[in-house]
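Below you will find the structure I want to go over with you.
Should a chain be cited, it is by its letter among A, B and C, assigned in written order, with residues numbered from 1 in that chain.
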Amino acid sequence: MSGSTTRNFKANAARELANDTLRAALTKSKGHFTDGRTTAAENLPEFEALRDQSRDIKNHTIENLDFYLEAYEEKVRESGGHVHWARTAEDARQIVLGICRSVDAKAVNKGKSMISEECEINEMLEANGIRAVETDLGEYIIQLRGEKPSHIIAPAVHLTKGQVEESFRANHTHLDPDRVLEEPPTLLDEARTILRKKYFEAEVGMTGANLLIAETGSSIIVTNEGNGDLSQLIPKVHIVLASVEKIVPTLEDASTILRVLARSATGQEFSSYTTLSTGPKREGDPDGPEQYHVILLDNGRTDMIGTEFQEMLRCIRCGACMNHCPVYQSVGGHAYGWVYPGPMGSVLSPGLLGVDEAGHLPNASTFCGRCEEVCPVRIPLPKMMRNWREQEFEKHLSPGTARVGLGLWAFMAKRPKLYQLATGLQMRLLARIGHAKGRLSSLPLAKGWTKYRELPAPEGRTFQSRWKSGERPL
Amino acid sequence: MSESNRETVLGSLRRALGRDGPVDEDTAAKLRARMVGHARNTVPARTDLDAAGLVELFETMAQKVHATVAHVSSMDDVPGAVGEYLRGENLPSEIVMAPDATLDAAPWSENALLDIRRGAPVESDQVSVTSVPAAVAETGTLAMYSGPDHPATLNFIPETHVVVLPAGRVVKSYEDIWDSIRAQAADPDSGRDGQLPRTVNFVTGPSRSGDIEQTLLLGAHGPRRLHIVIVDGE
Amino acid sequence: MSEAPRVALFVTCLVDLFRPSVGFAAVKLMQDAGCTVEVPEAQTCCGQPAYNSGDRKDTIAIAKQVIAAFEGYDHVVAPSGSCAGMIMKHYPELLADDPDWETRATDLAGRTHELISFLTDVLKVENVAAAFDGTVTYHDSCSGLRELGIHDQPRQLLDGVDGLHLRELEDANVCCGFGGTFCVKYPDISNRMVSNKTEQIVATGAETLLAGDMGCLMNMAGKLQREGANVRVRHVAEVLAGMTDTPAIGEPSDGSAN
C-alpha cells in the first residue's frame, strides 16, 4: 500500500544515474541551495545559537509530546476547529474522505504536503471520484506528469524546463502550438492562469503544517508562492494534515524554528508567506473557511520515541540534508523509492516502512557528514544510519557474501600477528601483479572497485614489515 | 474511530516516554507555566536600532526580497502616491481596498482617477490596497491580521498588492507581533474577544517560485508586485 | 623544550598495506619536529570496516585491542583523518556502557591526533623544510574536515613548501565517493561521485592532487588513471616530508605517467 520501491534502491539508482536529463537538471540546481544556505548563515551571527535552541525546543516538545498534543487539541476546539487522530495512513485517508463526503466535495485543492504524499491522499481521492488539484507549481508539474516529488521542498527539481513545457503542451490542450512557452516565466504564467480558476472551484482545501502551536491551537504554513494560502482561504473547508511531531509549545518557539527553516531550506531569510491559522472564519469575517479540521497523524512515529531514532522526530523538513548530500545529488530523489529522499529519508523511511523494505537507504551513504553539518536541528543523521546498519546486521539482513567477507576480515583484524603475516603476503603478490603499471585494472575480488577505476598497486612490503626490519626514513 | 485512535496514539506515546499516564501534576504545572511564560529565545541583534533605524532596516530587507518602497510624509499624500505608482507601472486604476480605519483617514475622494471598491476581492480584481497593523524590521516582513476590516484574500488574489505602512508601526521582531496580538486579544475594546486574529499573514516580498530549474520567478500564485507606501509622519 | 614527546604511529591499514611511503613520511615529519616515534606491533586497523557495516561486536573487540596497544604514549598519531576520527570520536561512544573501557577510550581519544593537525596544532610547526616544484590541488577528506575540523592546517604547511603553488579545488569539501565499503557496495553511485570529483580536479589544471587520507586518494587516483588524466596523486605528508622521489600513487616505478 505504501507504494514504496525502496527495496529496489540499487536498480532505481542505476536507472537514475543513466538519465542524462536528470543529470542536467541536478547540475543546474547544484550550488543554488547550498550557496544560499551558506550566505544566509553567514548573514546571521546568531544562526548557530538558533540551531541549538531549535534542537532543544524540539527535544523538549518530544519529551512531553502527549501533554502538548492535548493542550493543542483543547485550543483548537476552543477556537471552533476539529481535531482528528490518525494512527495510520489509512486512518488519515478515511478521515479526509469522511470530511470531503460530508460537504459533497468534487474537488480538493492541495498545498504542498509531504504527509499527504506519505498517506497517498491524492490516489484515495481520485479513487473516490474527487479531483485532487496540486497547487504548488512544482507539485502541479509532477502531478501533470504522473510522477512523485523528488525533493521535499522542490518537488520538480529533477526536471528541466523542456520537460515542463512538454507536460504543459500535453495537458493544456488549449495551447496554441505557436505560442512560445519555453522560458520559465511563460511556463509560470500558464500555470498561474490555469490554477487561478481552480482555486474558486474546490469545496475543500488541504495543507500540511510546518508547525502546530500548542499554546494557541494554531497551524503554520510556510510557502513562497501563496498557493497554500489560496488553497486554505477560499474553499469552505480547510483540512490540515500534520504529523504529531510538528508541534511546538509557543509562538516564541515557532519563531526560533522559523528563523532557521527558510535559511536552511532555500537560503532565504524568511519565506514569502508565513501564515498562522487558528480555527474557522469568525463572525463578520469576509473570507476564510467555514470548517477547520486538523488531522494528527502518527503512522509509526511514536514507535521511534524511546529508541535510538527519537532524535529524527526533530526534523523540520527543510531539505538541507539532501541539498548537501553527494549521494542524493548523484541519483536524485526518485531513486530512494518513497516520499522522503536523501539523508533524512534514509533514517526516517526504515522507521516508517521497516528496515526490511528500506534497508538499502542507510547503507547508501559514505558517512561524509555534510547532512549533519547543515541540519538546522542538529540531527545526527550518520549516527542513526549506522544504527540502522547495526539492526540489519543483527537481524542478518545484510548480504551473505558481505557478511562472510567482513567476518573473515574481522577474524584477522583481531589477530595482529596472523593479520600481518597474511596481508604481508597478499600485498607482495598484488605488488608483483601490478608492478609494471603501478596499478591493477581488474581484480576478481574487487570488481566493484575495478569496474570503474584502477586499483593502485601496493608498493611492495608492508610498512610494518619494513619498519620491523629496521628501515627508517632518511 | 477517532476517539479510540486518540487513546491509542496517546497511550503508545506515553509508553514510549516511559510513563503509564499523563505527566504528573508538577510537570504539567511547569509545562503550563512554560507555555504562558512566552519566554523569548535568541532574537537577532540586527534590530537593536532606534525607530528610524528600524524603518531603514525594514526597507532594506523588503527591497532585498523584491518589494518596492515609496515614502510619503502623511496620510494625505497616500492616494496620490498610490495613483502615481499604478500609473508608473501601467496598471489599472480600479482598486479593491480594505475597509479599515487607517485607510479611512486618507483623502481618497480627492483622487478622482482611482476607482475604489471597499471589501473582499473577486477573481478579476487586479490591484488591492491594504494597510498593515505592524511590520517586522528583522526581515522586511509585513504582518496582517484577518478580520472584517482586512479580508485575508486581499493579500493573495490581486496581482498587485499596495500596502500602506505608517512608519511608527515598524517593530523589531516576530516576537513583538506576538506580544501585540496577545495584548489586543486581552483588550476588551479591541473587539477580538480574547482571541488572536484567525489568520496572521506574514508577508515578505511578492509571491515567488523557484520550481522550474531554480529560476526565481515572481508572482507564482499570489501578488507579482508588492508595493509598500511608508507614511513617515504616522 | 623538555624531553622529546613519545609518539606512537597508528599506521592505518591502507598506509601499511598500500603506501608505506606515507608511514615513513609521517615518521620523518614528527622526528624533524622533535618527537620520538614508535610503531606498536599489535596494530591492524581502527575497525571502521566493521563499524560501518553494523558489526558492533567486532568493532568493540578491535577498539579494545587498539586501546591496549597504544597505552602509555604521550601521543598517538595517524596519517588519516578518518582513522584518527574513529579513535577520537567513536571509541568513547562505542565503549560508553563499560566504565573501565570508556575511561581508557576517552584517555586514548584525548591523546590521538591526525598527523597534519598534530604538527601544526600540538607541535606548533609553522614551516616544513621541503620543496616541491609544481601546482597542486587539495581535497578535504570528509572525516578530517567535519569530525576534526582540519582545513587550514594542511594549507598552512603547504604554503611554506618551496616551489609549490596551491590551486583550490571547487567543492573541495564534497565527498569523493570512497566511503570505505560504500564504493564497492554501491559502485555505480560511487563512480558518479568520483567522476564529479575528477572533473573538478582536472579543471584546476594542477599536476598533482593531494589529500590526507589514503582511501580517498586511492579512489581518486584510480579514477584519474582510468580516465587517462595526467594528474599525479600523493598523500600530503609525502610532499611536506620532501619524500616525493617515490612513484605517485598507482604509478609504475619508472615514474612515467600512464
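Just so it is clear, a residue touches a chain if its C-beta (ideal position, glycine included) is under 8 Å from a C-beta of that chain, and two chains touch if they have at least 3 such contacts.
These numbers come from a predicted model, not from an experiment.
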Category of the chain touch graph - line, ring, star, complete, other: line
Central chain (distance from its CA mean to the mean of all protein CA atoms): A
Rounded Å distance between subunit A and subunit B, as computed from the means of their C-alpha atoms: 29
Subunit A-subunit C separation of Cα centroids, rounded to whole Å: 33
Centroid spacing, where centroids are CA-atom means, of subunit B and subunit C in whole angstrom: 53
Subunit A residues touching subunit C - in the complex, by the definition given at the top: 10, 13-14, 17, 326-327, 330-331, 363-370, 372-373, 386, 388-394, 398, 402, 406, 409-410, 412-414, 416, 419-420, 423, 426-427, 435-439, 441, 446, 448-449, 451-464, 466-468, 471-474
Residue numbers on subunit B that touch subunit A, as the complex places them: 1-3, 5-6, 8-10, 12-14, 16-19, 22-23, 27-28, 31-32, 34-36, 38-42, 44-46, 61, 64-65, 119-120, 123, 139, 141, 146-148, 151-153, 155-157, 173-175, 178, 195-215, 217, 219-223
Sites on subunit C touched by subunit A in the complex: 11, 13, 15-21, 23-25, 27-28, 31, 39, 41-45, 47, 49-56, 58, 61-62, 65, 69, 142-143, 146-147, 173-175, 177-194, 196, 218-219, 221-223, 225-226, 241, 243, 246-247, 249-253
Touching residues on subunit A, where the partner in the complex is subunit B: 25, 28-29, 32-33, 44-46, 49-50, 53, 57, 63-71, 79, 84-87, 91, 94-95, 135-138, 141, 154-157, 159-161, 164, 184-185, 187-188, 192, 195-197, 200, 214-216, 218, 224-227, 229-230, 233-234, 244, 249-253, 255-256, 258-259, 266, 268-282, 284-288, 296, 298, 302-303, 305-306
